[in-house]
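Mind having a look at this structure? Questions to follow.
Naming follows writing order (A, B, C, D, E and F), and every chain is counted from residue 1.
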Amino acid sequence: MMKGVHYLVTVALLTLASTLAFAGDPSPLQDFCVAINNTNSVVFVNGKFCKDPLLTTADDFFISGLDIPGNTKNQLGLSVNLVNVDKLAGLNTLGISLARIDFAPNGLTPLHTHSRGTELLVVLEGTLLAGFVTSDPDNRFFTKTLNRGDVFVFPVGLIHFQFNIGETNAVAFSSLSSQNPGVITMANAIFGSNPPINPDVLIKAFQVYKNVVDYLQKIFHG
Amino acid sequence: MMKGVHYLVTVALLTLASTLAFAGDPSPLQDFCVAINNTNSVVFVNGKFCKDPLLTTADDFFISGLDIPGNTKNQLGLSVNLVNVDKLAGLNTLGISLARIDFAPNGLTPLHTHSRGTELLVVLEGTLLAGFVTSDPDNRFFTKTLNRGDVFVFPVGLIHFQFNIGETNAVAFSSLSSQNPGVITMANAIFGSNPPINPDVLIKAFQVYKNVVDYLQKIFHG
Amino acid sequence: MMKGVHYLVTVALLTLASTLAFAGDPSPLQDFCVAINNTNSVVFVNGKFCKDPLLTTADDFFISGLDIPGNTKNQLGLSVNLVNVDKLAGLNTLGISLARIDFAPNGLTPLHTHSRGTELLVVLEGTLLAGFVTSDPDNRFFTKTLNRGDVFVFPVGLIHFQFNIGETNAVAFSSLSSQNPGVITMANAIFGSNPPINPDVLIKAFQVYKNVVDYLQKIFHG
Amino acid sequence: MMKGVHYLVTVALLTLASTLAFAGDPSPLQDFCVAINNTNSVVFVNGKFCKDPLLTTADDFFISGLDIPGNTKNQLGLSVNLVNVDKLAGLNTLGISLARIDFAPNGLTPLHTHSRGTELLVVLEGTLLAGFVTSDPDNRFFTKTLNRGDVFVFPVGLIHFQFNIGETNAVAFSSLSSQNPGVITMANAIFGSNPPINPDVLIKAFQVYKNVVDYLQKIFHG
Amino acid sequence: MMKGVHYLVTVALLTLASTLAFAGDPSPLQDFCVAINNTNSVVFVNGKFCKDPLLTTADDFFISGLDIPGNTKNQLGLSVNLVNVDKLAGLNTLGISLARIDFAPNGLTPLHTHSRGTELLVVLEGTLLAGFVTSDPDNRFFTKTLNRGDVFVFPVGLIHFQFNIGETNAVAFSSLSSQNPGVITMANAIFGSNPPINPDVLIKAFQVYKNVVDYLQKIFHG
Amino acid sequence: MMKGVHYLVTVALLTLASTLAFAGDPSPLQDFCVAINNTNSVVFVNGKFCKDPLLTTADDFFISGLDIPGNTKNQLGLSVNLVNVDKLAGLNTLGISLARIDFAPNGLTPLHTHSRGTELLVVLEGTLLAGFVTSDPDNRFFTKTLNRGDVFVFPVGLIHFQFNIGETNAVAFSSLSSQNPGVITMANAIFGSNPPINPDVLIKAFQVYKNVVDYLQKIFHG
């Protein structure tokens, strides 16, 4: 059953994957450059290849479904629906993306970073405890309780989380300063990588016994 | 009474002013650089001066009030509450901002550009007609009807609008890819500048008679 | 006959189309990357694909003809010859372009923006009235009469124009801070888009009667 | 005694703190802009204020001591001597920094990220196991054993480590693509923040019992 | 008499000094940020401090005099009038500059680089031989004869020159992709630096006898 | 025999060729984008095409051999082994590169620039005299004697050199702020270009007699 943990986390965050971008996205060199999926191609570029602008339509800039609550019946009580360049091709070269996040009571976006994007969150419903930690050596923890209509900034690259501390579901929208901000969930990347990181490294890094590392790698590797 | 038009437009868009930023905001060189208002200073920099990071608190990254409907009892049936670096100091150097937009029935964000930011809009309530026009010489018009939960992209620098074509109020959130994306409302900038643009220029540019230009300058200059 | 208006405007500005770039063009990653036209290709990139550097010659960095006065016998009394990456392939990745502008007496570059480029103009002959308008809410109008040898800056993204107020022809060179700065002529984009913008939007945005909008859409749509 | 752990980690990584920068550092606008410490100032800028270029000397671009082995007699068996803009003022605006890293046998740079810099490491002595983990959802682990003269790349923002698996001391130089790449050590930021992150968040994020979190917060908070 | 050489070169290029910028200038974060000279200040920033935007006038974006031929009665037969951010404060943050170049017959812009800007030259009068050399190891020489109305691109950072091979004076305008592109004249920097470079370095670098180096250092140091 | 000079210089610097990049490299839009050599392709992009990320392995981020002294038995007493994107494909999009430099006694990296990268050098063995010259008009020469463990910064685009003034071999590592910083060796580019620069240009630029130019072109063209 523990094996299910990582799976559910993966499902919950799947849409965030291969995403996240930020203030440093290279600038556009034309009005737009709608991404195409060249699934048969063996070559790639920084960002995405684009479709012929003459074939572009309004639908390339459109996506629906952000009104639909996600399924939060998982270990984290969480659902993330990220509208990034993989889902909304029109975002290519434009340096922004958007996510709807649903939290069950006690739902959590576990500690993670976006390596290419600052996150700007607004609460639509419920009460969240939000926080981020600054870099070494101070590792200052900035935290705030957020209610409906409150906005909070999570600076690019810093470890952060949102936790539903209310008694009801919570909903938030987050915009991110990249077409593909990327998400690195601490627990997944550290204990659930593929293949697993050598236990000796984790034992020394976290100053824990081998059985704790074994337990965590079992949980998050799934 | 016509004089009131420009005034109301100004009120409605006041919060968008001196704002809007985009994919090309210079990248941060530290975790964060919270803006300060040096109101007595006679010097400025590209962006904002920052406060001492040791004095920074969670409140620098926080603002409330995006749950509150704006007052749309004005000529445009519009209210825009923009959370940019002027309102939320923690956004400085981070390349993103956010707006809540309220529309009365027939409410309109009139044709405008953001010179420094792509806009990514999500509809919370109501039905909007959204559109943007590409650059010369094609000037293609991309348009889409948006309902609750729909998302649409307005690429940086292109003229665009949102129009409430439903019978109820509409509400949307827009994120923008700059700490200060800037807004240029066509009618205001063209016919309501301070001082007014020489009528001969407008007459020739729009191929209209002088009385039409006089009329428009009277309305939008207020 | 009115239909001719838009056509002529289009002709006059055709060379400016799909052009103009700025301070934020992504930097080069090699000495040069001369653009190629992959006319049969179905894929594109941000900017342009480049030709094999070993096949590059001096001619890729060369173009002639900026000494030839353009034909200003059109509605605007204007001719623009823009040397951008579409005409001068060697400009690709290098963040700059150049235009020769000819004005008949009363000739006008009608109100327009360059979404990706600052414009730096120098007058070679004649007398121009130049101006630009800042963003909301101030919409300040900065204007200056320019004579032979005078230089003026039009900051990226702001609405601007040049008007020949002398009795003779005028000639100017403008350099722009992008390989493809882009041009958005207000009248064309607002009233001449393809398809036309819904008249209700224009009526409300500009506070005019429907017949004025009909008239303008007829003129600029052509 | 456990309290000592975090202290030592902090000492070892202190020089890495408030550092690390990358491919996206804003470009220089003059030959150089040597940083000054305006310790009495209450204002800051993105990056650093600079000294008068006329007062600049060769010493502003110079630092010594990278031949001196660091003291690795600490919990991690690690010493990091980072030459970033805080130590070498001449690096300001120039987008690069450098570190000497000493490892005792079994010495470890514990799992960490640089939010603003790619790391390019070369081994001078000894044998290191190096690795990094990609972002969600794949969390692929790339790892390699490195000997004298071997080079390895750690892409910006990804969690990575180096572990001395040889029987002797190891020494490496790392260059980083920012004047201030920043370092976020996972264990320190997650379990040693100031103030501590709410245990409930950590319990849920890592699926461990409260006593494990208590233990880790005690160790790394110190 | 030889001493005069360097002096004249310095005069001719003085206006190019502390200039030259390129495709990578950091982007603006507001409509404009007009440079101020804080002559009494002991601190500087990347680029320039700016004046209060409310005090900005059209004159900040204006300069005159590019119609006036420069004095070419010097060793190089050359005069350069560069309009960069030092002369035209409105260019600050906007990534572009402009120069008028006058050549006597046989006049020469000696081999030089712009470390921060691509140069886009248009010939107004006369006949120039223009050329640039690519980087190692190919060091390909691209050259072209340019007449009135011809345009040529000199990619950022590459060594280049323009030589008046006609029998009359020549005039050209060059735009550069930076507010401060910088100029490094080979002869001045190599043989005329202050203090001089150690002769042994120059002897070995150029494979010449000491007396040749002595001669060149005497000429260009002046 | 003199012909051999240029050849040897070319050999010594061959690995530096088509390389060197800096603070302005465009930022990555995904975790990594490992370069591929599309040797049969007729199209290129700014930077490099990338391989399928699913086919990427740790070896793409790895290279060995920086422990091996280069062969300095050549005219310059120099060997440069540059690890740039051409050699280490994993560096693509990541804005950094690294070189090992070996000097025989009196060995010299002759005067050169990196148009796209700042260089950060650390001495491993021996004693180097290092220096760089600022841009016009000051052409200030900053110089420093460097011993084992000393670090020196050479700002992007400025002419610089390193000279072994000790009695033994010297070794240094240099990191550069670009995936392809580029190198332009003054002597090679000025006197050894292909085809040669017109002697009249060189005679005038350096104020020397034709026979000196002939001699230098013979030496460096080889």
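Basically, a residue touches a chain if its C-beta (ideal position, glycine included) is under 8 Å from a C-beta of that chain, and two chains touch if they have at least 3 such contacts.
All values derive from a computational prediction rather than experimental measurement.
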**Prompt:** Along the shortest chain of touching chains, how many steps lie between chain C and chain E?
**Reply:** 1
**Prompt:** Looking at D-E and A-D, which pair shares more C-beta contacts?
**Reply:** A-D
**Message:** Can you work out the whole-Å distance between the CA centroids of chain A and chain F?
**Reply:** 40
**Complete:** Cα centroid separation, chain B vs chain C, in Å, comes to 24
**Request:** Spell out, as numbers or ranges, the residues of chain D touching 2 or more other chains.
**Result:** 18, 23-28, 31, 45, 47, 93, 115-116, 135, 143, 156-158, 182
**Fill in**
All chain pairs satisfying the touch rule are A-B, A-C, A-D, A-F, B-C, B-D, B-E, C-E, C-F, D-E, D-F, E-F
**Request:** Report the residues of chain B in contact with chain C in the complex, numbered from low to high.
**Result:** 2, 5, 10, 13-14, 16-18, 20, 23-24, 75-76, 106, 108, 110-113, 115-116, 129, 131, 133, 135-141, 143, 156-159, 161, 163, 182-198, 200-202, 204-208, 212, 215-216, 219-220
**Asked** Residues of chain C touching chain E in their complex?
**Response** 22-28, 31-32, 56-59, 61-68, 83, 88, 90-91, 93-98, 100, 118, 120, 122-124, 131, 134-135, 142-144, 146-158, 173, 175-177
**Fill in**
Listed in rising order, chain F residues that touch chain A in their complex are 26-31, 33, 36, 38, 45, 47, 49-53, 92-93
**In the complex with chain B, residue positions of chain D that touch it** = 18, 21, 24-26, 42-48, 115-116, 178-180, 182
